[in-house]
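Okay, so chain A shows up in both of these, paired with chain B first and chain C after.
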Partner chain A sequence: MAERLLTFDIFRYNPATPEIPPRMQEFQLEETVGMSLFIALNRIREEQDPSLMFDFVCRAAVCGSCGMLINGRPGLACKTLTQDLGEKITLMPLPVFKLVGDLSVDTGVWFRYLNVRTEAWIHTDQVFDPKGLEERMDNPTAHRIYEAERCIECGCCIGACATANMREDFIGAAFLNRIARFLIDPRDERPAAHIFEVVGTDEGVFGCIGLMACDDLCPMEIPLQGQLAYVRRKMALVALRGK
Partner chain B sequence: MILQKTLAKSPRLEAWMELLELASGLFLLGFLQFHLFNVSSIILGPAYFDHDHNWMVYTGIPLVVLAIGVHGVVAMRKAPWQFQEARIFLQHSKRLAHLDTWAWLVQIITGFLVLILAAIHIFSVLHNWPIEAVKSTARVQGGYFSFLMLLLLVAEIHAMVGLYRIMVKWSWYKRQKFTPYLVYSTMFFVGLGFITLLVFYFRSLPKGLS
Partner chain C sequence: MKWSDAHISEVLVIGAGLAGERVAIEAALNGHEVTILSLVPPRRSHSTAAQGGMQASLGNVAMGYGDNPDIHFEDTVKGSDWGCDQEVARLFVELAPVAVRQMSHWGVPWSRVVAGKKTLPDGTEIEDLAEKAGLIAQRQFGGTAKWRTCFAADGTGHVLQYAMDSVVTKLGVTIHDRMEAIRLIHNGQTCYGAVALCLRTGTLRPYLAKAVVIATGGYGRIYGTSTNAVINEGTGMGLALDTGVVPLGNMEAVQFHPTGIVPANILVTEGCRGDGGYLLDKNLHRFMLDYEPVKKEVASRDVVSRWMLHHIHRGFGVDSPYGPHLWLDIRHLGAEHICTNLREVQTICKNFLGCDPTESLIAVRPTQHYSMGGVRTNRDGGAYGLKGLFAAGEAACWDLHGFNRLGGNSLAETIVAGMVVGEKVADFAREQSLSFPFALVVEAVAAQQQRLDDLRSHLGGSEDVFALRRRMEETLLDKVGIFRTGPALTEAVATLEDLYQRAANLRLRSSGIGPNPELFAALRLPGMLRLALCISQGALQRTESRGSHYREDYPKRDDENWLTRTLAYWPPGAEMPELKYEPVNITTLPPGSRGYGEMAITGD
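Up next, the complex of A and B:
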């Protein structure tokens, strides 16, 4: 492989030093075989600028903390290889989320708030019996739940969403996917009408204009078009039935 | 809780707005293609064009005008009206370089154009009532050719991108599967409209009407 000299154009801003305005800063780095953005950013921090802020934990597309705008598109830095990009690479933090500094954003508060607001847990009156036999679930249902559960909450679908960018209170694909998971789950005894109050709104599924950037850019390739359509049909049925 | 937001919140109304947008959009899509097929009967000859369709027109035109109004209002409710919203949307679209995201801007622009052009079109037809092959021919040859071609293009693009969006939002099918069929259908309808306009343009008119 011919060695390339990569130029990284990286967004810099530290809210702790507001006197230094947001800016783009260039770094140059020689490409190595199989280099991911994770490796590149760590080398820049170690060799060129120890103040560069970015998030990483797992390096394996599991933790969802390294979501950022790579050449303008949301993606996971650990999963993106420099060989798939040009010689000039622009990196910016994910929009919508609160900036911690440089490429690091706080997705935690956002997801936590929506988890509480949509009550993203099983609602049941059944008392758990730790000694009893586990209730069986048919395989297709389990698979559908698992499909939604693969979400790693990296926030790429939110950063890619025009509605979420324009409207702060829009719950976005990550949460509509989460809602789909509970609508599918037979253990959740909540009636759809209960979920409708939060999700059948312009902040919920009816705020979605179907631009499908979430579906195209989800690093986990969750079929978000189908998940969103499922929630939309369910919520429309509640509106039509009037209960 | 924030008082004014909580009081104004109505999930049911917001859901009904979305359903109204869907229903009026589907109705207008059906009307557009039905209208196009009817007008294209000129290809077969004026005898096919000049039949008594007044009953249809007298109920149809008010319904279509109403549907355009309703669809315009409910569809516009999500448009980026505020200057800052519009800038966010444009900057976001540029960064993302994502065809589906740009398609929304196409929808907003073609939607506005349809509102203006359709109003002129309906007025010019009503002004010279009733619809007859001779009058339509005179209209197309009298300077309306490019106007009608533009209306055909923006209406078909708006309708078919709208249908795509409806199928993305409501259907069970993956968009990669149905997109080619929608592109072929759009080409068919625009082609049919173009041929229809050409037939009007090159028909010979009785003297005194050209």
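Up next, the complex of A and C:
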């Protein structure tokens, strides 16, 4: 591979020094074989500017910490390789979420709030019996739940969503998928009408304007379009039949 | 410090991974007000990265029929090389099935048993019976006599953490994320809380509670090259050690996982080998047959890692720009199996190696993975030496794992320990009344504020935090790894001692204002170096080989002199840890043969 000199154009803002306005700052770095944005950003921090803020945790694309706008598209920085990008790389924080500083945004509080709002836990009257066997489930059902449960709450679908960018209260693809997860799960005893109360509105499943950037950009490749259609159909049936 | 800044609850849990959240749930179910501090949102904790599974002797699958807690106990003790506490191991194996089933009740989509006849990769015919259909499925992991590892495809940690956090959310437990505890508030006898640093703003806040629980996971990042998440810097162990009165147990027991991918150092699950994958050398020879004719690729992790490195040293590694490695071959398991039960492996290979494991070999090498050592606690999870302080999970030395942990026993430990310790924490908090020595709190916050102010004022000092850190990482990797010798360990201790002194003279290159990563790194470095010294000094003094601790100059296990647990203390102002030893609790299974790893390691 020819050695390239990469130019990173990175959004900078430290809320602790509001007198310095938000700006773009350029850094240059020699590319190395197999370089990811995880490696590149850490090198910039250690060698050029130790105040640069960004978030990584697992650096293996399973924790969802490092969502950012990479040349304008939401994606996980840890699994983005520089070899797949041009010589000039623009990095911006994900929109919609509150900025912590530079490339770091507060996805945790946003997702927690929506987990509370959508009551994203199993609702059941069954009492756990520590001496009993587990309840049985057929394996395909377990796999269908797992498929939806694979969401890592990275926020890429939210940052990419036209509706979420326009209306603050839209629950977005991440939570429509989460609703689907509980609708599929036979252990969750909530009647569909109960779920309609939560998502059968413009803030929920009827707020989507169908641009489907969420489906294109999900780093976990969850079929969000299908999940959304599933929830939408269920909710439409509840509205029509009242159950 | 303003008193109105103080956050008061009954139970303070530091760390929101599986162990921390399970403790919090137990305490909350007992009616306590609980606060969890976490470096990151709970669902980003390193627990989520666990792929393979959770051991519990359900006996649901054909290759696991007849399994019971006794067999799980025996596997665990042998795996630990007789270093574990057998009463703890007994308690653990009895509760693991309850823990797995409770997680199912809370929503984990465990993979399930499908009845019918099957052929394993080695040609063995088995039949899963109709009467077990739909129960929780189990797969093989290393060092076990039965197939016992419960799994959800290969995202087991992820689904466990999400289910656990959903219960935490439901119960309304207070979570303060991006909050790092940097000092315990204590008087040498009792723990009253912690001083925490807000990673959003760079400001301090005291958290006060009747009971404090450390559940911060491991320290893998001090090795630099590790399968661990970047947040695993051993901060919680450092907190306990800093008190001067709480010891860390068996810090020299460091696990290297056989299959970290090269060069990204990301783990691919032991399930690859458990499901029938092979390890191959540069001649595509399945070399584990030569070293472990019985257990082959599924001996315990310490043993497989040692043979892999030995085989590389003999010249059978595959050369690469990132050093020699070996191959993991799962192609013969078939695309269908890989795309479902080993799906994350496939994704990791695509993302980070640019290859598809249904068609290509995977470049792997043993990589630092787990810390058996940690905050030494009693069976209830109570820390030695300080009332009101508890620990659970990887951060603790409870001591379930001794000198080597079995795959699938760490997820199980986080949840079982969370149940057990959570209940003890709840009992403790019920009997205590809230009271705080105000002067002690003010003093503790002021001392930490002084550290921040000193770093931000750029007075004195000349050392660069990242440069010192790199030196520490290289030292541990080169000299305190899989194969250890007296001379190399002596050098490591000397280098780390020097680095520790230099770490008192750090100078920031940036302003250190606000949520500044250089400031945060500078605050953590001295604690990380203290852990590095505990590991190295413990390894130097232990003149035997046991589990993951392998001394080339003392290659045999020495039960006569070393059936002991190392306790490392750091007296106030000391420059080196003080090591003490306690006997290991043997109840029913006296030291004997492990059944693997017994061939002598010799050169050609």
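Following the convention adopted for this analysis, the second predicted complex is superposed on the first by the 242 of 243 C-alpha atoms of A that agree within 3 Å, B and C clash if a C-alpha of one lies under 4 Å from a C-alpha of the other, contacts with A are read in each partner's own complex, and residues count from 1 in each chain.
Throughout what follows, a residue touches a chain if its C-beta (ideal position, glycine included) is under 8 Å from a C-beta of that chain, and two chains touch if they have at least 3 such contacts.
Here the structure is a predicted model, which means the values were calculated and not measured.
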Joint occupancy of chain A by chain B and chain C, clash or fit: fit
First, second, both or neither for A:210, with chain B first and chain C second: first
Touching partner for A:160 - first (chain B), second (chain C), both, neither: first
Touching partner for A:33 - first (chain B), second (chain C), both, neither: second
Partner chain(s) touched by A:235 [first = chain B, second = chain C, both, neither]: first
Angular separation of chain B and chain C about chain A, which is computed from CA centres of the superposed model and rounded to the nearest 10 °: 160
Touched partner set for A:192, first chain B, second chain C, both or neither: neither
More chain A residues in contact [chain B versus chain C]: C
Chain B versus chain C as contact partner of A:130, first or second or both or neither: second
First, second, both or neither for A:57, with chain B first and chain C second: second
First, second, both or neither for A:106, with chain B first and chain C second: second
Three-chain overlay, closest Cα atoms of chain B and chain C, distance in Å: 18
Chain B residues within the chain A interface of the complex: 9, 11-12, 14-19, 78, 80, 85, 88-89, 92-98, 100-101, 103-104, 165, 168-172, 174-175
Interface residues, chain A side, partner chain C - complex: 14-17, 33-34, 36, 45-46, 49-53, 55-65, 79, 100-101, 104, 106-109, 111-112, 115-116, 119-122, 124, 126, 128, 130, 132-139, 142-143, 145-146, 149-150, 152-153, 185, 187-188
Partner chain A, residues of chain C touching it in the complex: 40-46, 48-49, 98, 100-102, 104-107, 109-114, 133-137, 152-153, 155, 158-159, 162, 165-167, 169-170, 175, 177-178, 200-202, 229-231, 263-264, 266-267, 321, 340, 344, 347-348, 351-352, 465-466, 508-511, 513-518, 521
Interfacial residue positions of chain A with respect to chain B in the complex: 69, 72-73, 92, 95, 160, 162-163, 165-166, 196-198, 200-202, 204, 206-213, 216-217, 223, 225-226, 228-229, 232-233, 235-236, 238-240, 242
